[in-house]
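The chains carry the letters A, B, C and D, assigned in the order they are written, with residues numbered from 1 in each.
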Amino acid sequence: MVNNLGKGNSLLNQYISELRDVEIQKDTMRFRKNLSRIGSIFAYEISKKLEYKSREIITPLGTSEMKVLKNYPVVASIIRAGLPVHQGFLDFFDRSENAFISSYRKYYKDGNFDVHVQYVSKPSVQDKDLILVDSMLATGVSMALTYRELISDEKPRHSHLIAVVASVEGVNYIKRNLSSKNVTIWVGAIDDELTAEAYIVPGLGDAGDLAFGVKP
Amino acid sequence: MVNNLGKGNSLLNQYISELRDVEIQKDTMRFRKNLSRIGSIFAYEISKKLEYKSREIITPLGTSEMKVLKNYPVVASIIRAGLPVHQGFLDFFDRSENAFISSYRKYYKDGNFDVHVQYVSKPSVQDKDLILVDSMLATGVSMALTYRELISDEKPRHSHLIAVVASVEGVNYIKRNLSSKNVTIWVGAIDDELTAEAYIVPGLGDAGDLAFGVKP
Amino acid sequence: MVNNLGKGNSLLNQYISELRDVEIQKDTMRFRKNLSRIGSIFAYEISKKLEYKSREIITPLGTSEMKVLKNYPVVASIIRAGLPVHQGFLDFFDRSENAFISSYRKYYKDGNFDVHVQYVSKPSVQDKDLILVDSMLATGVSMALTYRELISDEKPRHSHLIAVVASVEGVNYIKRNLSSKNVTIWVGAIDDELTAEAYIVPGLGDAGDLAFGVKP
Amino acid sequence: MVNNLGKGNSLLNQYISELRDVEIQKDTMRFRKNLSRIGSIFAYEISKKLEYKSREIITPLGTSEMKVLKNYPVVASIIRAGLPVHQGFLDFFDRSENAFISSYRKYYKDGNFDVHVQYVSKPSVQDKDLILVDSMLATGVSMALTYRELISDEKPRHSHLIAVVASVEGVNYIKRNLSSKNVTIWVGAIDDELTAEAYIVPGLGDAGDLAFGVKP
C-alpha cells in the first residue's frame, strides 16, 4: 500500500516546497530542519497505525485510563541523506531502538551500476514494527536492498518504508519487489520522471549534498 | 466545533499520558518537551484546515507545482503555561506572527474570583487565521476572556482555541460563550471533573508549575 | 562587573553579526535560533562561575567522582524579546526554576516615558543564583526596574544580568544603580549610540518585532 | 596538545555526570540530548581557536564592524556513537560541511582485533579546519585510523579530535601516533582504566547502545 501524505494539503507540502526551492535550499540549516520536521510528521501519521494498550496513569489529582504505545517501532535510516529525517522520527519516537545502514553504487564501464550494502548496525527486528527512512526514493533498488538486509532472516510485525520525495518508477519497483501485505510505503510526493543517472525530476537535487555538503 | 485529537490513537496520547504521570512529570525537561511536541502535532492537524495556493517552484532539475500556505496563522499563547505549547507551534509555523497574553485571577474573600487580562502583545488579527494556545482549559473563563481581548474590535478569518487537556465544563463554557461559526476548539483530552478550585481531575496538576517551577 | 563575551572571537560574534544583518534577520526562524544559541552560550559561560559539589556517580562499570551543580540558578526573562534567549538558557539549565516579567513604557505628552512592571511570575529567589535575561540593554531603566521587582525584599546569592546587545549608556546606568558586588552584567556587544527613542545604534532594530512580528 | 574541558567546572561536567549515571542514562532521550549539548559546548570552545575576519554589517539603524568566521570547519563523526555529538556540533556550526565515517573491529580467535574503515563520506579537507567527533576514546586505534582515512593524501589546516570521555591510554596512543603540531585533542574527561575488552572504566558503558539501542 502506498500512502502519499502530500495528496492532502498540510504543512508537509509547505516544507517540501522549501526543500525543492533552488534558492531556499541554499540555507542548509533550514534544509535539514525541513527534513526533520517532515520526519516528525511522518512519525505522527504512522503512529496512528500502530498498536496501543490501556494503562492506568496516576496523576497528582486522580487516575486516568490512557492509551499508550504497545511497542515503539525500530527506526532505521539510510546513511547519509536519511539522517536528518531519522532525527525527526527519533524526536517523536524517543524511546525507539535505531538502526543505520549504508549502501553504495558500484559503477561499471558501461554506466550501469549495482547497489551494495556497506555498513549496517541494527537490533533484532523480529516481531517488531520497522520503519526504514530515506529522503529520496529514486530507482527503489537501494531501498529494497537495504530493507532486505535489515530484516535478513527475521520477520518484522509490519514494515513502513519512507521517502520524502519518490519517483513513480521507484514506488513501482518497491511494489513489485516487496510483499504489499507486510510493507507500507509512505511518501510526501511522487514525481513523474527519473533520469538515466537516477535523479528524480523535478525532485530537489541531491538531498545528501544539500544537507551535508557536496561529495567530490 | 470541538476536535478532540485524543479520540483516535496516536503519539499524542503517549505524550499526554507522560504529562499526566506523577512520576514522569518530575522530569521538567521531558514535561516541556512533551508540551512542545503536542504543540507541533496540533499545528500540523490545524494546518490541514488552512487555505493553500499553487506556486511554481524552481528545483535544481525542473519545475514543480506545489501547494503552499496562503497565509500563516497568528499564533497566540497564554503566559506562562501556554509557552512550551506555543514553542511547538512556532517550530512548525515558523513564519507566523505571534501574540502573548496573560490573565490573572482576582480572588474575593468568599473564595470566588474574577479573571483579568494583564499583559498583551499582539499584531493585527483582522482577516487572519488566529490560533490561541493554552495548556489547560479548566473553567474556560480565562480562555474566553483572553480570546476577546486578542480580537478586540477586529475580525479574524477563523479562530482555533487549543488546550492539551480540557474539562467538560470548560469546553461547554467556550461553546456557550463564543460563536461556533467562527471558532474551532482543539483539545487532546476532555476530563470529567473540575474541582471548586478550578483544577481538572484527573488532569495533570498545574502545568505552569510543572514546566517552570512552583510559584509561591 | 561587566563581562563582554564579544571581546574575544567565537561563534557568539558570528551569531550576533547574523542578528544585526538587515538581510539575514528577515529569516525569523534563524533570528530566534541565533538568540537561543546565544542564550546557551551565555548559560555555559555563566555556569563556570557557579558553585559545584562532588558526587559519586555509579556507572555501569565503576564509580566516578564528578563535580555537579550545587544549585541550579533561577532563570528569569523579560517578555517578549527575552523569550528566545530564555529558551537557550533553559535548554542548558534544564532543571532551573523560571521567572517571567514584563514592563511597559508609559509615555507623556512631552515624549518622555516611565517604565512600569506589568506581569510577574516568579519563585522565591532568596539565597539563589538569579539570571535575568533580555535581548537588548538600551537605557537600562527597564532592566533595573524588573530586576528590583524580581528580588523585591529577597536577597539572591548572586545575580547575573544578560543582554545580547547593550549600549554604553545602558551598561553605565546599571553600574550606577545596582550594587556591583552582587550583580554581574554579561553582554555580547556594547554599542556606542542610543537614540532619543532609546534605540541602540548600530544595534539590530527591535528584537521583539524581529523574533515575533511587528506590534502595531 | 590535549584540552581537557572537564578540568574546570561548568555545565559540561553536569552533563557528563548524567551520561555516566547508570540510572539517568536509562532515559535515552536525555542521554542523546546530553551528548548533543556537549557537542555544542565543544563547538563553542573550539570556535575560540578558529580564524576570524572583519565584515561590515548593515543593520536597520547603521553599520557595525563585526568579526565573523573566516571559514567553517568540516565536522566529521564516527558512526554511530558520534552522531548525537555531531548533531550538537552542527547545531552550532550550521554552515559546515560534514563527513561521516565508520570503522569496525575484526576479531581473531585469540581475542585480538584489528580496526577497519568501512563507510566514508567526505568533502575535501585540504587547507580546512577539520573536526573529528566521537563519544569515547578507548584504545585510540579507531580514532587514529578514521582520522588518517579522512585526510588520506590531503592536508587540513588544523585538526581537532573530540571525545566526550577518554582513557589515559587512548589519549597517549593519539599523542604517540599523530603529529601534535597539526592535531589538538579535546576531551571532557580522562579515565584511568581500560579493560582488556577496550571498555573505559569508570566510563559510562557503550555510548552507541545507550543512545540508539543494544546491538545483538
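Methods note: a contact is a pair of C-beta atoms (placed from the backbone, for glycine too) under 8 Å apart; a residue touches a chain by one contact, two chains touch by 3 or more.
Quick caveat: nothing in here was measured; it's all calculated off a predicted structure.
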Chain D and chain A - chains in contact with each: B, C
Homomeric contact chain B-chain C: same or different residue positions, threshold half: same
Farthest chain (mean CA position) relative to chain B: D
Inter-centroid spacing, chain C versus chain B (mean Cα positions, whole Å): 27
Chain B and chain D, separation of their C-alpha mean positions in angstrom: 40
Sites on chain A at which at least two other chains make contact: 29
Chain B-facing residues of chain D, complex: 27, 29-30, 33
Sites on chain B touched by chain A in the complex: 8-14, 16-17, 20-23, 25, 37, 40-41, 43-44, 47-48, 50, 52, 55, 57-64, 66-69, 91-93, 191, 193, 195, 199-205
Complex contact set, residues of chain C against chain B: 28-29, 32, 74, 79-80, 83, 87, 90, 94-98, 100, 102, 118-119, 121-124, 208, 211-216
